[in-house]
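Paired with subunit B in one complex and with subunit C in the other, subunit A is shared by the two complexes that follow.
Moving on, here comes the complex of A and B:
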């Protein structure tokens, strides 16, 4: 029964959506202090390569690889963050973009370690490792009426879903804390925030590092879901792709980049039936969006408006109707 | 206002449903035809690079496949239904396309994807699911070794490059070579690895190894160094767009030794871009459109009629690939994935437009490449 409902294709797409959502949130965090950083693709590469190399060469478990990748990206975030955060606006964007390029060139040229532009293949796959662990524990997915590959993708999907929910919950909470308020203050006016006694360097580096940690984490997951990475995956176009999640969805509230990542990952799949025209339509949608809603699709006003709507409805029609709202 | 919103919500919900169902349709038809005894009907998935900067490759491949498909269905021994998906040249897109084909469309086998990087991701997944997959343009090392279900009919660099180097040594009595390659591209990097290995095996003295990057426009630094070392041959692992510029600048500088290129260098575009400077480029290719063979000439004619241009090696390889698969389907007698895999693995001395073709034990290519040289602005067979 369950077996017929689960299609690895949909789960695969869902997994990519969730990884992209993490990337979207990573740029949202740095944007929430008013810094435009394009280094996220680079941090993603750091995370992916660290985890892949550790699990490939030293047989570390995936969990440790992913953690190490995340922390390594965070470390890079601090190292890059401290000197570059003296810069603002477009200058910061240029320097962070430069970091991504430098990293890519290092990955291409450090052949003894990274195999250059050929990339790393045969990276342990997250789902397959989970399946193996379960089998060693004496559990067979057949009990649930699932085939092996259905089980693999279901597990990856559920794992990622929990992670993403956890991350969104964490940053929603953080937004309402002292740190979140400080971020908002810095975004609105750095000078004013500083005169109110906020240590702006600390908070800016914190936001930058959080962004780096998240991108590194997403990168490590990407490596273990795809089982193959190459330097070209973390180049300029990836940086722009991540930025578009935030630009399209909106960068004022966390739901903006989440929605942006969701929509922009699903779109090319949904448009598959028009094959070669699909990227034209995709481009057109983004273009129209930019013209009509330059602040992004989801902003504070929209959220408030939606809240208002649902509340009114609940009063007028009773609770039974709330589901349809 | 509320009504409007509700309308809007309904409309979005409905339209997204329609969209989703539109891509969901078409169930498998992997069963034997009831009346035509022994006639096999099968869905074959195709993953191709149809949109994006490399769309020209995907277009040639799908054109070749469609042409072969028409002919095969007309013959009536096997009925093939192509399900074509775009990968946009990206690994994650290629993987989702493959998942869709394997799980939603239940295809018997897959042809593609276009790039070796994509195959590195899709291959293991297809192998795990037990779906035979055949690359028609993946030339990098180690592709068929991914698994039992992974095949290719594209001439790998490991066969092409040594063949062309051999012929060049024979003709020019070369002893010293210089190597030039693009180090930030999978294709040219893997071509370089093969070149270096081949040169070492044949006991050539490698004077220098120079690198360049994608999109570079000035190669004077590398070429000046190469010129001062006076090599007998220059081995260049480059794609045609950079390669043509390199040849042009080399000839202007007075380097007149022959160039040996990899698969990516093998394109009529080189002549268009570099003109006379392209003379003396030696490449090995599985495909030679001017070959004096009825099959080849028929294919070129039909292709030109249908698509208005001459077929390149990608179209030719795709065309042959579908014929090889059709042959395997016929021999398997059933659209069962395992049966088709076994039949494919047994392919031997298949006579296609590329010549005589067999798979080795890994599912890699066994065939004799043709070595070509550009002479007076035309590709001719290199003797």
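Moving on, here comes the complex of A and C:
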């Protein structure tokens, strides 16, 4: 019965949505200190390649590979973050975009390691590893009425869902903490924040690195979910795609890029015929959003309004946590 | 308490401050006067760590604090109210105040916020309002209140009267006097020489990056040369 409900294709799409949600959050984090970084596609590539190479060439377990990929991307984040912090706005965007291009060129040309533009294939698959572990433990998905294939994609989806919920929870907490307040102050006014005693260099590098860690993590997951990666996956198009999540969904609150990633990953799947025009539509979205709703679809006011709606003239007006989202 | 010895600061190749020395005694109000471009704000920024001097030394309670980061200096007790009252316009008044106590970890912050709101009743009234919706004078009060929440020993005020109506300016100066009487030492940068000298104990006059005169505020007030100097070349 359960077996009929589960369609591996839908689960696969859902898994990519979740990976994109992580990417959306990664750009949101750097944006929350007012830094527009387009390096997240590059960091994603670092994470993906690190994990893929470790698991392929040295038989590392996937878990270690993903962890190493995440940390490697974080390391790149610190290295790129510290010197580029002196740049602001569009200059930072250009430099970080440049980083992505440099990385792509390296990945394409370092053929002995990366197999060039052909890419790496046969990367250990996350779902298959889980299945193997379960089978070793003596569990057979047939018990649940599932085929191996269904079980694999279901487990990947559930694992990713669990991770994404964890990430959202973490960053919502962080938002309400000292770190989140510092991020917000820096975004509003760097000079004021500095004169208030906030170490802006520290917090900006922190945000930049958190963004890098998250994108590296998403990249590593991507590699082990798709089992195939190539430099093109982490090039300019990806950078724009990640940016669009935040531009479309909004970057004021974490739900903005989450919604952006969700909607913009589902849309081309549902409306197959427009997926060819994807990048044209992205361009159009940027233009329209800039003109009509520069803060993105989901902003603080919308969330407050929705809260009020669901509360229906509440007993208390909820002023204390109105801004916390 | 604060001793600035021969600092020179430059923006790239342009030397803005040339060998400036000044001293602030504990419990006093000291004013730095000067026309636009004299280097007043640069002096302030150098003292509070936003800029690093090429030469010279900044001493705070006998300790060399030259080149320390602003956040470290806030912790040691120097707070700056920046020029143009840079408040966080997207945060509420209350949040702005809380940010002022950012580096503090004690549990008297709430109490201090209450106290500050008593001094500035308008902030209490509007504590849920976004900072950006306040009027100019109210924003200046918020900026001062926020700086006070870091419990500074020395409060640096960079042109608190800038762009404010004369009546509001009088209010601000009254508040500065009150803050000082409550035990905070104040270093003030102003163009509004008369008002500033009236509240302060000692004054320095800056011109093109050099100190051209100093003395007791009362003496400076009656010195026609000074009144001319701070207005630039124009003789009044």
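The rule is simple: the second predicted complex is superposed on the first by the 292 of 325 C-alpha atoms of A that agree within 3 Å, B and C clash if a C-alpha of one lies under 4 Å from a C-alpha of the other, contacts with A are read in each partner's own complex, and residues count from 1 in each chain.
Here is the rule we use: contacts are C-beta pairs under 8 Å (C-beta built on N, C-alpha and C of every residue); 3 or more make two chains touch, one makes a residue touch a chain.
Please read these numbers as outputs of a predicted model, since none were measured by experiment.
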More subunit A residues in contact - subunit B or subunit C: B
Contacts of A:182 with subunit B and subunit C, given as first, second, both or neither: second
Touching partner for A:8 - first (subunit B), second (subunit C), both, neither: first
First (subunit B), second (subunit C), both or neither touched by A:309: first
Subunit B versus subunit C as contact partner of A:226, first or second or both or neither: first
Sites on subunit C touched by subunit A in the complex: 48, 50, 69-71, 73-75, 79-82, 86-92, 95, 98-100, 102-103, 128, 146-147, 150
Contact set on subunit B toward subunit A in their complex: 2, 5, 16, 19-20, 22-23, 50-52, 55, 84-86, 88, 91-93, 95-97, 99-100, 102-104, 117, 120-121, 124, 128-129, 140, 142, 183-186, 189-190
Touching residues (chain side subunit A, partner subunit C) in the complex: 178, 181-182, 184-185, 188-189, 191-199, 201, 319, 323
Complex contact set, residues of subunit A against subunit B: 7-9, 12-13, 16, 105, 108-109, 116-119, 121-122, 125, 128, 149, 226-228, 230-233, 268-270, 272-273, 275-279, 309, 312-313
